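Read through the structure below, which is laid out as structure tokens, and then see the notes.
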Amino acid sequence: MSEITFLEAIREGITEEMERDENVFCLGEDIGAFGGAFKVTDGLHARFGDSRVIDTPIAEAGIVGAAAGAAHYGMRPVVEMQFIDFVSCAYDMLTNYVATARYRAFLPCPIVVRGPSGGYVRGGPFHSQNPEAAFLHTPGLKIAYPATAEDAKGMIKAAIRDDDPVLFFEHKYLYRRIKGTMPPGDHVVPLGVARTAREGTHLSIITYAATVWKSLEAAELLAAEGISVEVIDLRTLLPLDDSAIVATVKKTNRVLVVHEDTVTGGVGGEITARINELCFEWLDAPVRRVAAHDVPLPYAPPLEDFVLPQTSDIVRACRWLAAY
Amino acid sequence: MSEITFLEAIREGITEEMERDENVFCLGEDIGAFGGAFKVTDGLHARFGDSRVIDTPIAEAGIVGAAAGAAHYGMRPVVEMQFIDFVSCAYDMLTNYVATARYRAFLPCPIVVRGPSGGYVRGGPFHSQNPEAAFLHTPGLKIAYPATAEDAKGMIKAAIRDDDPVLFFEHKYLYRRIKGTMPPGDHVVPLGVARTAREGTHLSIITYAATVWKSLEAAELLAAEGISVEVIDLRTLLPLDDSAIVATVKKTNRVLVVHEDTVTGGVGGEITARINELCFEWLDAPVRRVAAHDVPLPYAPPLEDFVLPQTSDIVRACRWLAAY
Amino acid sequence: MATPDLNASASHGLTREQLLALYRWMRLTRTLEERLVALYRQTKVVGGLFRSLGQEGCAVGSAFALERRDVLSPLLRNLGSMLVKGAEPVEILRQYMAKGDSPTRGRELNIHFGDVEERNFVGQISHLGDMVPVMAGVTLTFKIRGEDRVGLVYVGDGATSTGAFHEGINFAAVQRCPLVVIVENNGYAYSTPTFRQTAARQFIDKAIGYGIPGVRADGNDVLDAYRVTRDAVDNARQGGGVTLIEMLTYRRRGHAEHDNQSYVQPGEIERWAATNDPIDRYVARLTGELGFTTAEVEGVDEEVRTVVDTATDQAEASPPCDGPDALRGVYVEPAAMPRLWYREGVASAVDAHERPESWGTHDV
Amino acid sequence: MATPDLNASASHGLTREQLLALYRWMRLTRTLEERLVALYRQTKVVGGLFRSLGQEGCAVGSAFALERRDVLSPLLRNLGSMLVKGAEPVEILRQYMAKGDSPTRGRELNIHFGDVEERNFVGQISHLGDMVPVMAGVTLTFKIRGEDRVGLVYVGDGATSTGAFHEGINFAAVQRCPLVVIVENNGYAYSTPTFRQTAARQFIDKAIGYGIPGVRADGNDVLDAYRVTRDAVDNARQGGGVTLIEMLTYRRRGHAEHDNQSYVQPGEIERWAATNDPIDRYVARLTGELGFTTAEVEGVDEEVRTVVDTATDQAEASPPCDGPDALRGVYVEPAAMPRLWYREGVASAVDAHERPESWGTHDV
């Protein structure tokens, strides 16, 4: 078994699910013969044809709504946002229609809305977003955000099989930089379960997506200084894996939350609140956050670098926390 | 000076600003001769005419976008959402276009988007929402959410004068139930400054909007038990008044965050994180949250009552915190 | 008077039973809504009451063109279409009274409910326009699967201004989904007259911009509403794609019962009531050219009254909702959300000492 | 050859200087974009490069119909219109190279910038359709104030599918805002051909649904683009409200430079290049019926080359952005967002030991 990229892993996952279940189909802008802006669906149109890989007009609310309608009648739509930044155009449809369908009307709505997210790529304010926090207070949705190629495959498969709607964020920085060897067989990684990306004893970093890699890099650097850092990759943000969070807090007693989204209103707040509620007594230091500065993400490299959290930031923050 | 309702206070504030500055104008659905679904703009059309009180088509993104364009060219638009639940339809326009205008293009965008929010009114899932948390991670926006009639007037005036975009939430339960006597003269309440709604010594409730009143009711009940509760009314959620939060934590060392929005992903997480960061050492107990259960808000009275935070919940939570 | 031979063109190929059924659905709609008004006045309705008075012809005539396997997406003023599609009066009453055995178990209000298993109507949400993309997806499914099923979605004149309407109808048009879109033009969106909603002369002028046929119907003539919809449904069924239908009608009550319609020109409502009521018009037609007796018509009225009476008794006897049920059914897994920490072991959410009406009487 | 009398109808009332200016703006657009391609290949452009090759006629001709006080809202393929409206080549180059003195100080990319103070063009965002409501509001302002100013907004064929387009144009139409909406139909939205975007036969078919006039222009005939836009602008200025213009053109390059256009039929691009290039066509016209000499045309080419050369030198010499400037200007107050706690006193955000390209090489 050879290594494949994060992007190829997603494609492999979608392909396998389309083979397994004829109700799975893809829709989105330019995903057909063209294979999508990032080529995630490359080859699917040739393989599965016009009615299972559908090129749509530019209409995010329309596409998501159509996916919901199809899902009510037994389909399993996988919707691509060309960039996840455009999911904002479907915000009403997702939070009001899709998320509530089961609760208010007993309507099954198993859709996946996926797309390239995240920064560090000089994409500017509208091609670099991390909108996960905007959906965190929407009961009825699930939010997945994998960091490894293995998880990308296993979680997209889990998302497609999930009986409820899943937002699936694919960090575009990882698409071609991260590789992995897929476990054999039907590799499904359940949603809602976090992963220990690195074991450690002095302090814990709780993070997800691209900053998992920055955190691992920081942990490596800190190891040389004698600071042992545990890195928890949340993988799913809704539902959050409380038990994994509690376990690492009880182990190291010091927590740094790291994410790429802006600090104010980001997922870090929710994690901090849960730690307070579930294991406050175990804390030897305040929970602290390393995240983006509170500005729209600018485009020029020196500006983007300044705004986003960097490995050196994590290193400094960990030193502070270890010394607390 | 006689008492007026929360709703009349908002109308008075808008009217005064329209008189003061001819660039201020209102737009929204049914706000003209009809005066709006809740009658907030009642009489304004008769007084200011067609071009300053504009009935629009049903098009929230269109209206907010139009307001932004007008604001770039010197106007001061005040947009009504018939119910704030429909602001989700303008989510893209607000978070991507409006919020970033100044930063990315040096475009002034002084608009106010206001509307009736909140539950406890048997409005069901689409006429009861508290969408403030969805905008909290959007740098460039301000979020105001007054609890008293005096603040409703003073803050709408501040919002209209603000040189940046402001989301102004008006809790519909308060519209006609809450009254106040307006201070004389040009009564402007600055955004970003919290208010101590009640002094106390044993513990602090940090809250905003309708739950300010539930918290005050709880504080009154607890006083009889000898528990002295301080109630902080945040008034503005973006920017948060960190100094007021820190001051009350240092005073009472115990904090309960109370809000009406669902607990997961609500503003409570951000507040908890800030307390951890700014004054962790002063905490004698974990920061805890009382908020809505994580479900879409149902309509039937027993269900709505069950989901939303009630006075008795706050009382119980305070007892727990005081005994910690 | 002898029953004349039914003129096939006057009856649009409908049987005698069907012709009388059309009347029954309109009458049932009106009688049921009148009962709701009575219950509303007795404060037994939770929340607002939304009437379709004067619009029963649109809803009933159009839905009558569907088969049971076809899917309907109604809006607030389409109670009649839901009845045609199989909704029971008792379901409507329980919904409005927020009963524990209502179709949504108290989660959603008024006629916001559906049944995609058997009767095939979809539970709407409040956000106008959103059902158009949803129905595009429902009918896309039928197209993909080669199922012989059609969808019908309504929007008001006001809802045509929404982006969701535009995105949905365009998507369906491009995909040639078997979908019929009805613009129910009742002159107003809440207080806003149509000329403030669009500068178009008529709503069917929008059809050409989506590359689909646009047809107008007299919405207050239930047979015309039926005929035009049936043709569009047939066309969709044969692979002809989307049709936009504009039905002309008039909203004789306010947006909801509390709306006093101050914005309506004096005499306008009365004129429509006197000269263009869909039920009156159809009764005249039934007892005129269609050859029914007054007794037949009155028999329906009588039967409908009994149905509504029985349903009312049933609904009134229905149990209220049970608080903790609020936590169930957000996801398949977990089946229920957990109680929050301060609610553990608490029997009733709202204590006796809660006095929300007293808010604001405390010193600030 | 003697200069013939200019035929007023052939020149649409433009002076000789204006006729030559049209050529200059098209040539400047193309030369500037060609320079950007060179810089892109040298990896001096940060991010993608978006060409308007073959579409220069639309952008230039339409913008030429505006006065300085009028407001333009361009899109990615409207570089030409920005130049006409006063954008400087050096600004474009600095934007693409993300320089510290670029119009957005490095905040936004490519031609996403504006100037509402003097030259009157508005900085666009990526989200398609959003500028239509914004321009509805800009022109509503002019209407409210009685200012003699008009707005012009472009959308692509693809962007017409967005809800924002629909909500914005409908709002403007109802309000009779002095706005011109141009659909630049270049055959594709990224890889998606027009027939997958809409089932309408032509985009002007959408106009009637908004109750506004719809006019078609040959977008590759700069004079036709000018004439049709000017008429719509005049109409808007005289209180006639919104016009929808469809300009037919063709996108000869990919969506961005990296797109290899695998989805295009063989020969299609070459055919357009050979027979329907807006610059070639206009040169033929200039040196033909309009009576310009080849020397005059070449003189423009020469001048434009110099302008672009100078601008390139200037832009290359421009300073890069300064990291901490990223925190300034989100709000009027505070003027800058605070540095986060772990950045206090830190000189450079990215340390020497950062190796983002190494991500994933650590053990997981």
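Residue numbering begins at 1 within each chain, and the chains themselves are lettered A, B, C and D in the order written.
The rule is short, and it goes like this: a residue touches a chain if its C-beta (ideal position, glycine included) is under 8 Å from a C-beta of that chain, and two chains touch if they have at least 3 such contacts.
Quantities reported herein were computed from a predicted structural model and do not represent experimental measurements.
When chain centres are set by their Cα atoms, the one at the greatest distance from chain D is C. Interface comparison, A-D against A-C: more C-beta pairs in contact at A-D. Averaged C-alpha coordinates put the centre of chain A at 30 Å from the centre of chain B. The distance from the centre of chain A to the centre of chain D, with each centre set as the mean of the Cα atoms, comes to 34 Å. A separation of 40 Å divides the Cα centre of chain B from that of chain D.
Contacts with at least two other chains are made by residues 56-57, 59, 61-62, 85-86, 88-89, 92, 96, 100, 103-104, 125-126, 139-140, 277, 288, 294-296, 298 of chain A.
Residues of chain D found to touch two or more other chains are 104, 107-108, 112, 125-127, 161-164, 166-167, 170-171, 174, 196-198, 330, 337, 341. Interface of chain D with chain C (complex): residues 161-167, 170-171, 173-174, 176, 195-201, 205-212, 241. Of all the residues in chain A, the ones that touch chain D in their complex are 29-30, 32-34, 37, 55-59, 61-62, 82, 85-86, 88-89, 120, 122-127, 148, 173-174, 177-179, 197-198, 210, 213-214, 216-217, 220-221, 263, 288, 290-291, 293-296, 298-308, 310-313, 316-317, 320. Remark: chain D residues 71, 104, 107-108, 112-114, 116, 122-123, 125-127, 130, 132-144, 163-164, 166-168, 170-171, 174-175, 329-333, 337, 341 touch chain B in the complex. Within the complex formed with chain D, the residues of chain B that make contact are 25, 51-52, 54, 56-57, 59-75, 77, 92-93, 96-97, 100-107, 139-140, 142, 163-164, 277. Those residues of chain A lying in contact with chain B across their complex are 85-86, 88-89, 91-92, 95-96, 99-100, 103-104, 125-126, 133-140, 238, 240, 261-262, 264-266, 268-273, 276-277, 280-281, 285-289, 294-296, 298.
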